[in-house]
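A, B, C, D, E and F label the chains in the order they appear, each numbered from 1.
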Amino acid sequence: MYLANVDFDALIREDVPYFDLTSFELGLDHQPARIAVFTREDCVVCGTEEAREIFRRLGIETLSMKWSGEEAHPGDELIVGQGEATAVLTAWKVVQNLIDHTSGIATKTGRFVKLVHGENPEISVLTTRKMYSGTKALSMKAIMAGGALPHRLGTSETILVFQQHINLLGGFDRMLAKLPEIKRSSCEKKILVETGDAEKALQCLRAGADGIQIEKLGPQELTEMCNAIRAEFPKAVLLAAGGINENNAAAYAATPIDGIVTTSLYTAKPVDIGVKIVPAE
Amino acid sequence: MYLANVDFDALIREDVPYFDLTSFELGLDHQPARIAVFTREDCVVCGTEEAREIFRRLGIETLSMKWSGEEAHPGDELIVGQGEATAVLTAWKVVQNLIDHTSGIATKTGRFVKLVHGENPEISVLTTRKMYSGTKALSMKAIMAGGALPHRLGTSETILVFQQHINLLGGFDRMLAKLPEIKRSSCEKKILVETGDAEKALQCLRAGADGIQIEKLGPQELTEMCNAIRAEFPKAVLLAAGGINENNAAAYAATPIDGIVTTSLYTAKPVDIGVKIVPAE
Amino acid sequence: MYLANVDFDALIREDVPYFDLTSFELGLDHQPARIAVFTREDCVVCGTEEAREIFRRLGIETLSMKWSGEEAHPGDELIVGQGEATAVLTAWKVVQNLIDHTSGIATKTGRFVKLVHGENPEISVLTTRKMYSGTKALSMKAIMAGGALPHRLGTSETILVFQQHINLLGGFDRMLAKLPEIKRSSCEKKILVETGDAEKALQCLRAGADGIQIEKLGPQELTEMCNAIRAEFPKAVLLAAGGINENNAAAYAATPIDGIVTTSLYTAKPVDIGVKIVPAE
Amino acid sequence: MYLANVDFDALIREDVPYFDLTSFELGLDHQPARIAVFTREDCVVCGTEEAREIFRRLGIETLSMKWSGEEAHPGDELIVGQGEATAVLTAWKVVQNLIDHTSGIATKTGRFVKLVHGENPEISVLTTRKMYSGTKALSMKAIMAGGALPHRLGTSETILVFQQHINLLGGFDRMLAKLPEIKRSSCEKKILVETGDAEKALQCLRAGADGIQIEKLGPQELTEMCNAIRAEFPKAVLLAAGGINENNAAAYAATPIDGIVTTSLYTAKPVDIGVKIVPAE
Amino acid sequence: MYLANVDFDALIREDVPYFDLTSFELGLDHQPARIAVFTREDCVVCGTEEAREIFRRLGIETLSMKWSGEEAHPGDELIVGQGEATAVLTAWKVVQNLIDHTSGIATKTGRFVKLVHGENPEISVLTTRKMYSGTKALSMKAIMAGGALPHRLGTSETILVFQQHINLLGGFDRMLAKLPEIKRSSCEKKILVETGDAEKALQCLRAGADGIQIEKLGPQELTEMCNAIRAEFPKAVLLAAGGINENNAAAYAATPIDGIVTTSLYTAKPVDIGVKIVPAE
Amino acid sequence: MYLANVDFDALIREDVPYFDLTSFELGLDHQPARIAVFTREDCVVCGTEEAREIFRRLGIETLSMKWSGEEAHPGDELIVGQGEATAVLTAWKVVQNLIDHTSGIATKTGRFVKLVHGENPEISVLTTRKMYSGTKALSMKAIMAGGALPHRLGTSETILVFQQHINLLGGFDRMLAKLPEIKRSSCEKKILVETGDAEKALQCLRAGADGIQIEKLGPQELTEMCNAIRAEFPKAVLLAAGGINENNAAAYAATPIDGIVTTSLYTAKPVDIGVKIVPAE
């Protein structure tokens, strides 16, 4: 997979602001060392391309690695490198944190996608913008490694009208009146509106919207609302959002939606990753 | 609480790389708007000082706020601001993500600390360096808002010898031989060694170590090991680490340790935070 | 308009890396000064919100300003500020360069949009990703101030298949075979393919593409190709790209396309902007 | 030529904030690919050293390249590289934008220098500080590749008194009175004053100035003013600035000035650059 | 004086990476506090504008301050501010380090300038590029506050030929041959060459150089070399560099040079600055 | 030794903001050049790992080097590299400034440590947080290369109570009352208090402090105070701080303290380092 666009030097500095005092006091320095990062659980791997880049910046040669998106099993080595002792000890937790958190998200995403696609393989699994502040680049890669795609990376390239926009605009009707013009000026984009009201959804679609994000309905009401919409707009994009997680994903996947939008994948227990550091001969 | 040292402009850019296309297309611009961030659950608040700073950078006046570390209940407003519509719509998810994730960690930490101190109020609750890459400043503030403290912020100011250091040094005895010298040169710091072996722990303490980090023992074995050590070194600092979480915290708190070191608090479900945006009169 | 997300401190440093030597040698220092930025030509204003931010960072109070997107005429003041002499002399060219280049692009865009919409007001005017390296935030604001919209801000949120992708994939048919799956996984996005061949365009649309970017056809051939496509897909999004500029925009606007994609607006003569600096009483 | 000091990672992020969605959806990943950047017009090449650096950061090996400052003709390859498909697709437009804009400026500068030096090869061609905000490093390299030199890179290392300084100082005579002292304290630098008035120019030179920047005079008046100055100060540095461009450069070059200062070279049509990407065998 | 262009947030983070643990443990938080920075010695003040900016970023109001370049005496307050306790404790050492080091350099520079100008007030005191890595912005301000000026801020805006250039060029004669062309293309700049050989100096001046930097001659030999040059070039700029410090500055000032170039001012004992922090009423 | 975590690109830009004008005007470009950095004095080497990194970023191959912490004698080469002429001329002063300043500090530290350990080899030599703003990473490495260790890298990982904290807390007794609780919550850290009063010191130690930082006592009073404390707390950590330098270090080393805390090592005359640049064959 692609290399995520993160500030690698900042990640190193976050764990080793100046030096590893313990190593310095013990006199560890230029001697050659070998570092192997392995998993103690089944997982979908993520973060190894980034680990390789951290190795590269620290002068550590990568001897072998698995790609992000591959599956791994207990004992599998995810990345193995060799370099000077101080470099290896610096890379250690930086790489471990990177891999265990992103692999945790990738693994959880993999399970979620399997649940959804077990029910209906046609449904898009999309993740919201609501990841932990500062982790977008890594979290996006992690959910993509696990088989999902981002819903919106930011607000600058997609159109999704929320109630908050409508409030500021002065009401639903004013928003409706704007849709035809938006459709023209942004002819390449699909226009979505968030609402849980079937009548409002129909009004939006009639005014030019391409799809509806339906928030916080249960599977039953959602099905009804989708059916009401599809009766008139069989090709409207219908997304379900709000409170969907591993427990109810299959139920939502059984409704007539096109995509599930979820935040739940960002909070994943890190994979149990071990690191073995030994002298290199 | 203090303002965490994060790159606020980067957080804004992460969600709004250039502009909010939806707002632009709807014609929302300089009109005055009010934003209120409120909780839908009981929580320990975190991130409001940072939200205030984001408001300030976007020209939004903060009208009221709760401090990080305070408790809040469903419906409570955590921060309320007023500014131009484009600014308020830009701040929206930036501030929401910041507050819901950090408050989630603070709230989970608060529960954990209560569990531990319910058993033994003398025990330090310490969190590891193993947070999600790139979130140290926010995660540290969150666990401190919840009542814990960081174990080690990085490797540059504390001494903790791991098996990995020992491997590179050429064995346990070589490490032991170094301890007296380290004790002299770092006279201000406590020297800790990680081991799960009582005999090795005693050797370290005899050689000058101040404490032992004991990893991955169950409460019963941990108690035995602590007792063995305390018999000779009643004041040694004894930390339990590895696999401690909300489920077993009370059991660990009942052992004769000084501190619990845990990673489990960093993976916390975000608090259910809502944002209301309306025209300001 | 919104404040563009640029590194204001870097812009200041670019012109005044350390200090203004001339001012220092002349002994100019804390005395109050007034700075007025005015236009010597008709223009669409851009960059004033950013100029105001530069003023703010340098402790200069903004006394009056026009918004980006407004029209201005010879002699009109675009922004007026007051502050310490060293601050005003530091802001001078930083603000002038910012305003004259972005207003130049906005003004040229305004003319271009007028040309296109004079012919057909339904056509989207979109600008490519091919602006001068490092100027995306300012150039985007400038074309939006002038009435256009960005085609794609980057490659991460939109789907547009180029010949280069097809080459690497191993041919057109392999790409075609992928389209249905992409349509499912990215149900919220329109899928576009670039081709100048009507038959290939139809194949793509049959396989699920939402639109075609047609490059480097003259208006006559373009019309034929559009008609051929529309016969089968009346709602396909059809964009014309490649070599469209002020000289031929009207001719392209007379074809049955939905949008014009152009690079030509990024190279615009800066507006002739003057700066008057005098002592403040 | 030297490698310009730009933030290469930011340039990459500007075009590919996270990943190339189209490539990801098409399944393009680690397969080897070849990228060739070629020109469709005669040009003076610029930006290839920077393109090579972008290749290097993305793990693309540079197979061949022309240097900045060399001439190229239709079909000539400017830089050719080979790497993983995702890397090559990421580099694509980043490198194309960099080369086409800077080569456009270099090419226009080359023509301008030829015009001036055809008239008088002794005249310096100098470019102002008024380039597009944020492009100084690239624009400087481009004009140098074309044969010009920067007039002033910033305000910290050169002395040039403008009317704005004089206004704040309280008048021309006060400025005159400062010149002898500046001459002493900045003995290594030439002191220039901008004025279009011959008498004022002479007063400045008598007080110690080394040269005069003469703004916005036509060639005839400029010649008269230069002659008036040279009668008394045959070695004074005389620069012409303001409104000089390809149309009138030769006329200005025929006057008795030492250097032409122009902004006109920064707005140059990008060279028509193509990029070919194919599988590497 | 002007505000130096430094990364203020980085300076704060350098001393307070996350929070002040001592304050946190003591429970110090939002209570109002007053901070006064005062001197215990006579000094030339520097760094107060930067201290004010650090105060501003931390929400501390500046109540009074002296400007950089002013003199101060034991007990004088250099800057006084008021803000929340955590902010004041964060600012403390950041501001103290900034002021004591820069004031140390300013004070030493003031003494040095007095020594030189006591001998000959016409001589420029110039400082080299050889300051401590990373301190250029602060060190430049400090020597300017003390009455000196920078010799060269960097290598991009001035011409000074060293033996190292000559070596790579293939010898002195090749360099000589280049001078006339450089004189033309850089007509605004003085061309200097470093040499300690009078005959070579004369050859350079005959070829168009404007001045000579004479390194590491004693005052007697320097006088002889200057006299030999002045006999033919009375207006050549002659600079003495290499090993000039407070002990020999007066002797060098008695030679017929125009300027002294020294590195010695950058290594200055910090001024003894105290900081008083008390509760604000 | 480890590579210090500095912004290498910023260091290069600090000396060569855009290009070396002299080299450009002389026509120096891609020809191969050799650079050798050598010392003219006995010194403890520092900064060579960082010089190697700067070489690497500029495409210069390092041919040989000494490690930081090694001793060198007049004429010894500290680092030797080979690369393109423009790269070598860019690296020149960047590397020279880095090595001469840090080696100056390392060398002075080496002498200081020898003085102290000549008197008592058990004493820790520690350096304060009061280095020149912006130089922490380099200054820390330099004092460590010379044999000292940092006292506190920042305020976030150590506990040291100052009078300023006590003032804000409302008095000494309130601080005393907090110590037991701090001891519990920060069980891994030693708690230090700064005071010059023996009785207060004893009160702190009785309340749980681990050590006392004693400021600005002469050796005689310091000895008395230490003896008074040791009578009751034989293992308390006792540090002497304030005004300790090369002149009085031996006298302080003869007192019964555990460590000396000094600022004096940061102001060190740079080592006289030469750089030889010649064509590479």
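The criterion applied here is as follows: contacts are C-beta pairs under 8 Å (C-beta built on N, C-alpha and C of every residue); 3 or more make two chains touch, one makes a residue touch a chain.
Worth saying up front: this structure is predicted, and the values here are computed from it rather than measured.
J.: Which chains make contact with chain C and with chain E at once?
T.: A chain counts here if it touches both chain C and chain E, which gives B, D.
J.: Can you list every chain in contact with both chain E and chain F?
T.: Correct list: B, D.
J.: Quick one: which chain's Cα centre is the longest way from chain C's?
T.: Max centre-to-centre separation from chain C belongs to F.
J.: If you average the CA coordinates per chain, which chain's centre is most distant from that of chain D?
T.: Result for max centroid distance from chain D is chain B.
J.: When chain C touches chain D, do the two copies use mostly the same residue numbers, with over half shared, or different ones?
T.: same
J.: Any idea what the CA-fit rotation angle from chain A to chain F is, to the nearest 5 degrees?
T.: 120
J.: Could you see whether B-E or D-E has the larger number of C-beta contact pairs?
T.: D-E
J.: What is the distance, in whole Å, between the centres of chain A and chain D, each centre taken as the mean of its C-alpha atoms?
T.: That gives a centre separation of 43 Å.
J.: Whole-Å distance, chain A centre to chain B centre, using C-alpha means?
T.: A distance of 22 Å separates the two centres.
J.: Find the geometric centre of each of chain B and chain F from their Cα atoms only, then give the gap between the two centres in Å, rounded to an integer.
T.: Centres of chain B and chain F (C-alpha means) sit 30 Å apart.
J.: Averaged over CA atoms, how far is the centre of chain C from the centre of chain F? Could you give it in whole Å?
T.: So the centroids are 50 Å from each other.
J.: What residues in chain D touch two or more of the other chains?
T.: Those would be 16-20, 136, 153-154, 156-158, 185-186.
J.: Identify every two-chain combination in which the chains touch.
T.: A-B, A-C, A-D, A-F, B-C, B-E, B-F, C-D, C-E, D-E, D-F, E-F
J.: So in the complex, which bits of chain E are touching chain C?
T.: 1-2, 4-5, 67, 136-137, 140-141, 144, 153
J.: Can you name the residues of chain C that touch chain E in the complex?
T.: Chain C residues touching chain E: 9, 12-13, 16-20, 24, 29-30, 86, 90.
J.: Using the touch definition from the top, list the residues of chain A that touch chain C in their complex.
T.: These residues of chain A touch chain C: 122-124, 126, 149, 151-154, 156-158, 184-190, 192, 211, 237, 239, 258-259.
J.: Would you pull the chain B residues touching chain A in the complex into a rising list?
T.: 6-7, 10-11, 14-23, 25-28, 31, 33, 85, 88-89, 92-94, 96-98, 100-101, 104, 129-136, 138, 153-162, 164-165, 167-170, 175, 178, 181-182, 185-186, 263, 267-270, 275-279
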